[in-house]
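These are the structures, in structure tokens.
Both complexes below contain chain A, partnered by chain B and then by chain C.
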Partner chain A sequence: MADAIGKNYQKIISEKQDIIRDEWLKRLKVALEYQKDILTEKELNKNLDGFMTLFLKTIRSEEKDLLSGKEWKELKEHLSQIIQKWASQGFSIRETLSFLLTFERVLFERIREELGKEERENLDEFTGLEELLTELEEFVAEQHVKNREEIIARQQREILELSTPVVTLWKGILAVPLIGTLDSARTQTVMETLLQKIVETGSEIAIIDITGVPAVDTQVAQHIIKTIDAARLMGADCIISGIRPQIAQTMVALGVTFDVVTKATLADAFSIALKRLGFEIKEDRREEK
Partner chain B sequence: MEHIPILKMGEYLLVSIQVDMHDQLAITLQNDLAEKIAKTGAKGVLIDISALDIVDSFIGRMLGNIASISKVLGAETVLVGMQPAVAITLVELGLSLKGMHTALNVEKGMQLLSRLTGKDQDYTSRKQ
Partner chain C sequence: MEAAIEEKTIKIKESNDVVTVRREAREYAEKLGFNLLEQTKIVTAASEIARNAIVFGGGGIARFTTIEKPDKRGLQISFIDHGPGIEDIEAAMKDGYTTGGGLGLGLGGTKRLMDEFHIRSEPGKGTSVTIVKYL
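Entry: the complex of A and B
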């Protein structure tokens, strides 16, 4: 709830809008440590002008409660677009809020200057204006956090996709280098991509390399076993490689076993895979002399 | 009544499941296959399920049963062409069909059958 803004305030703000705007731009640039390559001057000007116009519209509104008017909605919409852009460019919450905070400071200084001494002491009219601005600042803070959270969620999805590559080592041999902790969601992605690739390439052997998996507990082992079983059902054999000494020890201590061939390095696993497909690895000794 | 055709190719029986499996059809297949193995004395059974994209726990168990029955009757079973989604479903259901032979496609399945039944030469070149 914000009461209508007093007529003399409206008058001051309307008449001095150009002065307010210029001063605001100056201070905002200082607050943002303004750099042209992140935000162009033209865009910043457009943002400020748009906000100024809609702000004036809002305070001139005939609504009893300013926060229920359509002008207020437009103002918030405009602000929301600005901060979404800023969030995607990596502005911090302090920088985002400075858009409004500098505006508030300039606005109040201007009003103080224009008002007479008696009027200055009359705080009633002042409250409405302050409430309006506080409301806007809360909105900006909330939107900013929401925007950042959206970015984080999107990046999480991207990491999930990026971190599960399936590579072809040889005709008929696939490798899945697992990196990071395995949870159910990731196992699902790994399983799906691996099985899909098995179908596409008709590969008979898949090497699952767990060098990049920091720890293997019973749950992680269970996830790996599921992947192995699914691949076996489709007719492809799995080989586990990249088991580090400490991991081998924990696995034995936990009683975890994989009922497929396990190897310490990817190289060993690859040579076994080649042998199974009927290839032979030979050293060329002619070079030695 | 609906039947899934069982084709005899030399010493092997070939089953290709091209329709949606429902419970009765699976039971019929199990009966038919048992009869046929006993009658022909087949050494191996190849089941192609590449066209099957939905399984439930019952069908999964029936596939396991068929393999066990064939084994008792002296024939090896190879399951070929399982779809990724089907494999994931079976694993999530806890039916990893241990002890059942699998292969990627019919060709590789036939090679595996030859190896399992101790015949290394290609099945097609066998003279009757």
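Entry: the complex of A and C
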């Protein structure tokens, strides 16, 4: 809830909007340590002018509660676009907030100067304006955090894809070394990549190595089982390797089974895979002769 | 005398929160001195129930408490959601029973992984599951 802004305040802000705007731009540039390679002069001016226009509209609004009017909504929408852009450019929370803080400072200074002595002592009219600005500042802080969180989430998805390599061990033999916590999104990505790679390379055997996985729950197991089934339909067999003792026992208690060959180590799995493809592994003893 | 391990409640809402639950479960299990096998069992059980609470219950909370009794110590984890609840608990506990396209081993499997397993559910009100493992 923010009360209507007094008429003489409205008058001051409207009449002096150009002075306020210019002073604001000056201070904002200082606060941002302005560099035009990041933010063009033109864009910055557009941001300020847009805000100024919508801010004036908001305080002139006929609404009883300024925060329920459509002018307020437009103002927030404009701000939101600015900070979203800034967040994507890596602006800090301090820099983002300085957009409003410098505006507030300039605005109040101007009002103090224009008001008569008596009016200056009447603080009641100040409240509405302050409430409005506080509300905007909270909004900016919240939006900034939200934008950063979106960026973090996107980076997480990128890491997810980076950290799921499928490697060719031999012609016809693929291996996926799974490492770390397997949330379902990640398991799914790995499995999709594996199936894709089976098609691309025409491999007959895929080794899924889970040495680096700390826990296998039913959902992870289900993803692995589905991949085994899908690979089989594509003419490839899977071998699971690296099931550690504690995981084996946990899986038995859960009642999960894998309907394929499983081996304790990746080396064992590789050796079986080579044999299946018709290779023979021999130790070279020439040196002993 | 060891320092008491504090109780902790965390919000679980999105599928990523299962990872947080697993990490917390492992940390608690480690601090209490469970061996690697028991830790893995606890982590896996917590993972199952947390996922159920999120997928079927629309999210809720997970609370980690340590049990300090004269004769035994242990870790208790409670999951509470306010989702649609489970119509037929007996059926849900059976291996292979699923309404969500999973393996249907989560509840029964979790019971086998832990020392205690308590489930309360009221259709329309939600579900609470408490699991306990003793040292």
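Assume the second predicted complex is superposed on the first by the 176 of 289 C-alpha atoms of A that agree within 3 Å, B and C clash if a C-alpha of one lies under 4 Å from a C-alpha of the other, contacts with A are read in each partner's own complex, and residues count from 1 in each chain.
The working rule: a residue touches a chain if its C-beta (ideal position, glycine included) is under 8 Å from a C-beta of that chain, and two chains touch if they have at least 3 such contacts.
On a predicted model such as this, the values are computed, not experimentally measured, just so you know.
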Partner chain in contact with A:T250 - chain B first, chain C second, else both or neither: second
Chain B versus chain C as contact partner of A:D229, first or second or both or neither: first
Touched partner set for A:Q196, first chain B, second chain C, both or neither: first
Touching partner for A:A185 - first (chain B), second (chain C), both, neither: second
First (chain B), second (chain C), both or neither touched by A:D217: second
Contact residues of chain A, present in both the chain B and the chain C interface: none
List of chain A residues in touch with chain C within their complex: 181, 183-185, 214-219, 221-222, 225, 245-247, 249-250, 253-256
Residue ranges of chain A touching chain B (in the complex, touch as defined): 191-192, 195-196, 198-199, 202-204, 226, 229-236
Parts of chain C lying in touch with chain A, wherever the complex brings them together: 15-16, 18-19, 22-23, 26, 36-37, 39-41, 43-44, 47-48, 51, 95, 102-103, 105-106, 108-110, 112-113
Interface residues, chain B side, partner chain A - complex: 79-84, 86-88, 90-92, 96-97, 102-105, 108-109
